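Two complexes, one shared chain (chain A), two partners (chain B, chain C).
What follows is the complex of A and B.
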C-alpha cells in the first residue's frame, strides 16, 4: 500500500515542467549584533499540479522562505544569494515593477489569520476586484462579476449577497475562503499557502483544503503549502520538504517521508504519530470495573445574553462518569461546550443545573467557600501555558502557592517538594527562579502541570493543553501525562479537538456537538466505527498523519453542509438536522435522546438506534 | 540558533538611547535635588527681603566675570542673578527654593491619589457590581468639571493651607487612577493565571490583591509622572489666583502672581524666571512619563 502510494506520486510528477525553481536561496538580516540568516541555501522545485508541503518548527524560516520565493523580504532583511526561476526568468533579477506584475497575478499567496488579512473597510467583492483589476484590464463591473464567480468557485453559498459583505460579517471559514478566492482570482500558476487553516475547526479545515486542492487540480497550478500540522501535510501534499534551522534537511515524496524519515529532526516530529499507532496495540483498559471517581448527572450551563431574554445553551443535560485512573476524552469543535464542561466540574463556572458527585459529595451544591477542601484534589491545566502563569512570579513562587494553600509543610520541605515536582514533569530544578517570559511554551505547560499535581490531586481537567505547542512538544507532553497517570494514579478529563492526541491518550471518549453529547464509547469503538453522523463527519474531517489513507484519495466523504449554527436559537429537533446528509422529517421534528447502543456505547440519533444507518467502517 | 540571535538583535535595538528619556530624567532629577538642598544652597534667605528693590538681573555679558568674582571672592556681595522683586526678595534664591514646597505638594497629592485610586480601581474592576458602577459614574461627573475650578472651590471651602491643597489635588486626581487601574484590572482578571489561582483554592480577595493588583499597576505608575508635573502646575496656578500657599513662601506660582503686576512697568524678571522653571518641570515630568510608557506599557 505504502509503496504503491509512493510510486503513484512519483509517476504524477514525472513529465511535468517545474513552475518554480529556487536554487541556493539565502536570506539574511544584518543587525547591530551581527548577521542572522533565517534561510540559508534553500533549493526547492515545485512542479505543475503538484502540492508541496513545507514543514518546520516555529522560527525555522518557513514563512521567510515563502516570501523570499516571491522576492519579498521584510526589512531590514535582504536576499543574500541564490536564484528563483519562474516562467523562464530569475525573479531576483527583476526590478520592482516586473516583480509586482508577477506577484498576485502569477504567484498567489494565502496567509495566516484570514480576518486580519482582509481590509475591514472594504466589501470583500471590492477587494477581490481590486486584486483582479490590478493585473487585468478590467472595469470595476467586470471585477465585481469576477468576484462573484470566484466566491462561488470556493464554495461560498449565495455569492451574489456575500460579495457585498464586510470582513466582520464573515465567519472565520468564510473569510479564509474569500482570501483564497482573492489569491486565485487571476489564476496564478503557483499558490503559496502559509498555515492557511490554523485556527479553523476540523470540519471547516477539511472543507477548505478540499476546495483549495480541487481548484488547483482543475486549474493546473501548483501549491506550496506551509504547515506544522502533519495531518494536513499527509492528506494533501505530494511531496514534503522539511526546513530546519533555515536549511532543507529532507525533500521526499509524502509516502516515503512518513514511512521512513531520514533526518533526526523529521523523526522527532513524526514520533507522536508513531506512538499513536503503537498505542493501538496496547490494550485499552476499558473493562468497566473501575471504581467510580466522579459522576456527572444532567449537567447544564446557560449563559444569559445581555439585554435579551435569550440564553446561550453551552451545555445541555450532560451525564458522564469518570473512573479512577481513567482518561476520558471530550472532543468537539469550538463552541461545542467542551471547555464549559471542564470549568463547571471545578466550579470555575456555576452550573445552571445538574449534580457533580465526587467522593460522596455533590460539589455543585455546596457553597463556593466550601470548595476549598476539594481544590487540592481536583485540578486543571489550561490551554495557554503562558497566560495561565502569573507573569510576575517565578516558577518557584508559582509552585509554592498550592503548597502554601493546602499543606502545612515547613519552608525547607516546600522547597524540596518544588524540586521534586519539577523533576516529576521532566524539568531541571535550576529554573525555579526563572520568570514565565524566559521560558518556552512547552516548558511553561510542564510548569502548569507541576502546579496542578503539587497537592496530589485525584482528578485533572486538561483543557486543550497541547493546542499551542509544536508537534515535537506535543509528543513529549502527552508522554509525560501518561507517565504521571501511571505513577500517581490520576484521572483525566482530556478536552481537545486534536483527535490524534485523544486517540493516543484516552480510554473513553465523548463527542460533543452544540452542548450535547452525541456519542460516547471507548476510543477504539468511536474511532474505528463511529455511529452518530456528526462523529463520522468529525473523524472523517480529521486529518490523521497517515499518507496511506489520504482524504483526497477517498472517494466517498462523509461531509456535513455549512457551518456550526449559533447556540442561541437551537432547532426543536436534532441539532444536526440542518447539516446532516441523513436527516429525515422526523429528525427535524423530534428532540433526540441519547440511546444506549449496548457494549457501553451511546449515540444521540434515532436512525442509528434503529439500525437505519449502516456502520461507517473506517 | 536563529531565534537566539533574533532576540539579541531585538534587545540591542531596545537599548538604543532614548534621548527624551534622558532629558526627562535630567530635569526631574534637578528638581528633586533642588527640593532637597535648594534652600540650603540659595545665596539669600528666600523669605527675607534685601534693601535693593526691583533690581534687574545683571546683563548676560557680565555673568562670567561676576561668577568668577564670586568664586575667587573678589565680589563681596553675591549678585542677584535673577534680580530682585518689588519687595526686595532675591528671585534666584526663591526660584531654587520653591521646588521643596511645589514638589512636596505634588508628590503628596499624587501619592495619596495613587493609593486611593489604585485601591478603588481594583475594587471597581474586580468586584464589578451596582455599587462600583455608581462610583464610576460619580467619578465621571467629577471629572467633567474643570480641574482648576474644582481645586479653587475645594481650597476656598476648606481654607488655604498646604494640607488642604494636597487633599484637594489628591481628590481631583483620584478618578484618573481609578479609571486607569479599573480598565487594566478588567483585562487582567480574565487572564488564565487568575483562573488558575481560583482553581488552586485562593479566596477572591487574595486573588485580587496578590495576583491581579501587581499586574495592574503599571499604567497608574506611568501616569504618576505626568500627574506630578500637572500637580506642580496646578499648585502654582492656585497660588497665582490667591488660593494657594500664602506669601512670602517661595513658590513659583506665587512669584509669577506678585511679579505680574510689575510687568506693565517693564519689570519682566520677577515673573519670567519662575515661569521658565514651571514650564521646564512640567515638560520634564511629562516627557519622562511618555518615555516610561513607551518602555513598559508598549
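What follows is the complex of A and C.
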C-alpha cells in the first residue's frame, strides 16, 4: 500500500472529510526591484479519497503553491497571509520543529525535476533511509531495508542493486520513482504531486498513476495532483482547481470542468482538446495523389560508444516518404530514435547508411559544402525554445541571419521581410529589438518558427516543438502550424510523444520503437485501430483529455511489461518480445520485417500479418 | 578500479616529469648567463676558465650532458635514473641532500598552514553562507578583501612586530629552533617528527612555537580564498533543489547542513590542491621573513648563483610533489562526490 490508511470507517459514515484546507494563501518575494506575489489567493480543499487536479500555466504559481501548502518557500520568499488547516492545526502557525514532523511524514511531496531534487552525493538508499529515519524509529540498517522495499514498490527492477545507486546513475524515470519512494516512505495522508510523471514515458506514466489512484481509493488518503497535462487531469482527478495569475479562478468536478468551463482561461486551455475532437470531422486530404517531396530509404544511424566496440543503434533501416504539403507524425517513447531521424534528414547528423532523396537529389550523399543550397529549403524547429536562440541576439538579429545567409535582399528589404515574418507567426513587429530573455516560451517558439520559414523552405522538421509549452500555448502553436501549412504549402515531419497534438496536426503517422518503425498508416487508421502490439499499448496508455472515458473507469487493457531494453544490446528477434503479451518463441528468434498490411499501412509483426492478433485488437 | 587509475595517473606523472626535466635542462641553458665565469671570476685566465668549464662538464656536447644528467651513461657517474640529482656547483654537496635539508621544513610549514586554514575557513564559510548578507557574511567579505590585498611578507613583518616585539608571545623570527637548542638527529628531516622520534619533547614544542607566526601568516593569507570558495558553493548548495527537497521531506537541520557542506567541500578541495602546489615555491617570502631556510629560499639562492643542477632538482621535486598532491586530492574528491569518475 502506498499511503497510510485513514480511518476508513469514519469516512464512510460521514462522507468525505477534508484532509487539507488552504484559505487565502499568499506567497510574496521582496526583491530589490519590488515585491512579486506568485501566489495571491489560493483557496482549496482536498478531501479523503479524493484526487484533486491543480492546473495552470507555467508561471501561474503552481509549484510555489505546492511548497507553500507545506509551509516551505524558496528563499528569499515568505508566506504573506492565509492559513493551511491540516489535521486540525494551522500549519503556518506551527514552529519549524512541529512542521518538520509533518513534512515528509503526513504530507509527502513529489516535485518536478526529480534528478536535481536528489542529493547527487549520497546513494539513493541512504537518502530514503534518512527521510524515513527522520520520522520513524529506525536504525540505519532498517532505513536501508525500508529503502529497498520502497524502491521495489515503485516498480524499480532489481532494487537491492539500485538502492546503492547515485542520482546521476539513474534515468529520469528512475530518479522520479526514487523520489516517489522517498515521498511515500512514511505513508503520508496527503501526497502533493507536482508534475509527478513529467520525466516518465507514457506507458510507465499510466502504470504509476493507476497505482496512485488505486491506493487513494483503498486507504482514504488524498492526492493533490499538479499537472499541465489535461489528459492526466481528465483521467485521474475527481475535481479540478484552476490557478491563474496566482489565484484560484475555478474549482469544479472534473466532468463539469471539461464539459462547460466557466473562466475564460479555463476555456482557452480546453480549446485544443475541443479542436482535436472536431478534427476527426475535418476531412484529411487523401493520401494517394500527393507529390513525393522526400523519400527516405533504409536510413540507419549508429553512435559509437567511447572506449567500446559496441554502438548505440539509434535508427535502423527506416524507410518513409513525405509528400508535398503533408504532415507526417513520428511518435514513440523517449529513446526510440525519433529525434535522430529528424537530424539525419537535415544532415545535422551524418547517417550511417541509407539514402535521403529530396526533390530527386540524394542529399545524404552530396558533400557537406553542397548542402548549403538545400539548407534554405529544409528547416528545423527544436524542442527547447530558449536553448535554440542566441540569448545575446535580438529577435531582429535572429531573423536577419538566415536572410543574410540565403538571400540577396537589400537591408531595407530584409527589414521589411522580418516584419512580414513576425506577422506570419502572429507576433507584433514591435518585438524585433527584444532579447529572448524578455519573451515567454510560446513567443520564442514562434520566433523559432519565423526563423525556420524565413528562407521559404519546403520542409520543416518539428522536433517536439510543443513539449515545453502550456496547454493554451500548444493550441495556439498547432493552429499556427496548420495555418502556415495552408498558406505556404509546407511539409512537416512532426516529432512528438504527445498523441493528442499528433492526432490533430498529422495526416500520416509512423510509430517508432527502439530505432525501428513498427507501424505506419494514416492518423485515423493508427489511432482508431492500431495493429502492432506496441502501438496498441502506446495508444492505450496515452491519456486523452476526455473525462467521459476515464482510464480509471475502464477495466485493465493490455499492458507492456518491464522497461525498454538498452539500444546497445538489442534482442535478436522482435525488439518488443520481452515486453509483449503476445510474444511467442518465433518472435524471440526471428527479426521482424515491416509487413505491408494493404491500404497503405505497414506493421512490423508477423502475428499481425497473419491475422493472429485481430481478436486482441479493438 | 582505483588502483588502475592511480597507476595510470602515476605513469602520466612520470612522463610529465621527464618531459619537464628535459625542457628545463634546455631552457636554463638558453639563459643569457655564463655560470663558468661566475665561478672563476671575470678576469680569470683562459686556462682557468677552460678548467672550470671542464669541471662543471659544460665543455661536452649538450646531448652528452643531458644523457649524463638523466643517468643514461652510468660509466661516467650516476644521474636521474639512479636517483641522483647531481652536485651543487656552489656547495659541492649533492643536490638530493640539500633538498632533503630544506624541503621538509617547507612541507611542514605549508601543510600545517593548510590544515589550520581549512579548519578555520570551512566553518567560517559555512557561517557566512547560512545567512548571506548577514553580519558574519559581511565580516568575511571585508576580511578576505583585506587579507588578500596585501602581500604576505608585509603581514609577516607586521605579525613579528606585534607578537614578538610588542606582545612578546612569539619567538624571534630566526629559524625553526633557537640557535642554542641542539636539533634532534635528522631521521625524516621533518623537525616535528624527528623531535618526537628522538623523544625530545621540548624541541617539539619549541619548533611548534617557532612555527606559530609563519603558519599564522600563511593561514591569514590562505583562509581568504578558501572561505570565499566554501561560502559561494555552500550558498549555491543551499539554494539547490535537493536541499529544498530535503526541507520538504522534513529532514533535521543538521542533516540538511551536512548535505550542503558536502556539496561545497569538493570545489574547495580543488582550490586547496592548486594553492598547495603554488605555495611550495611561493612560501619563500614568508620563509625569508622568518629565516626558516626552506626550499623556496634554496631555489632563489640556486637561481642567483646559476647553479644548474640545483635549479633542475628544485623544479623536479616541486613538480613531483604538486602532481602527487593533485592525485591525492582527485581521489579525495571522488570519495566526496560520486559523480567524479576515475
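Quick note on the criterion: the second predicted complex is superposed on the first by the 582 of 618 C-alpha atoms of A that agree within 3 Å, B and C clash if a C-alpha of one lies under 4 Å from a C-alpha of the other, contacts with A are read in each partner's own complex, and residues count from 1 in each chain.
As a convention for this text, a contact is a pair of C-beta atoms (placed from the backbone, for glycine too) under 8 Å apart; a residue touches a chain by one contact, two chains touch by 3 or more.
Remember, predicted model here, so these are calculated numbers, not experimental data.
Applying the stated clash criterion after superposition on chain A shows that chain B and chain C can sit side by side. In the superposed model, A:118 lies in contact with chain C only, and not with chain B. In the superposed model, A:359 makes contact with neither chain B nor chain C. When the two structures are aligned on the shared chain, A:32 is found in touch with chain B, with no touch to chain C. Of the two partner chains placed by superposition, only chain B is touched by A:59; chain C is not. Contacts of A:182 after superposition on the shared chain: chain C is touched, whereas chain B is not. Remark: in the superposition on chain A the angle formed at chain A by the CA centres of chain B and chain C amounts to 30 degrees, rounded in steps of 10. Of the two partner chains placed around the shared chain by superposition, chain B is the only one that A:387 touches, whereas chain C remains out of contact.
In the superposed model, A:581 lies in contact with neither chain B nor chain C. In the composite built from the two structures, the nearest CA pair linking chain B and chain C is 5 Å apart. By the touch criterion stated above, chain C contacts chain A in their complex at residues 238-242, 244-253, 255, 259, 262-263, 336-339. The touching residues of chain A, counted against chain C in their complex, run 67, 70, 72, 74-75, 96, 99-105, 109, 111, 113, 116-123, 130-131, 134-135, 166, 168, 179, 182-183.
Interface of chain B with chain A (complex): residues 1-3, 5-6, 8-9, 12-13, 191-193, 195-203, 211, 214-215. Every residue of chain A that touches chain B in the complex is listed here, in rising order: 29, 31-34, 36-38, 59-61, 245-246, 346, 348, 369, 371-372, 375-376, 379-380, 382-384, 387-392, 401-402, 405-406, 448, 451.
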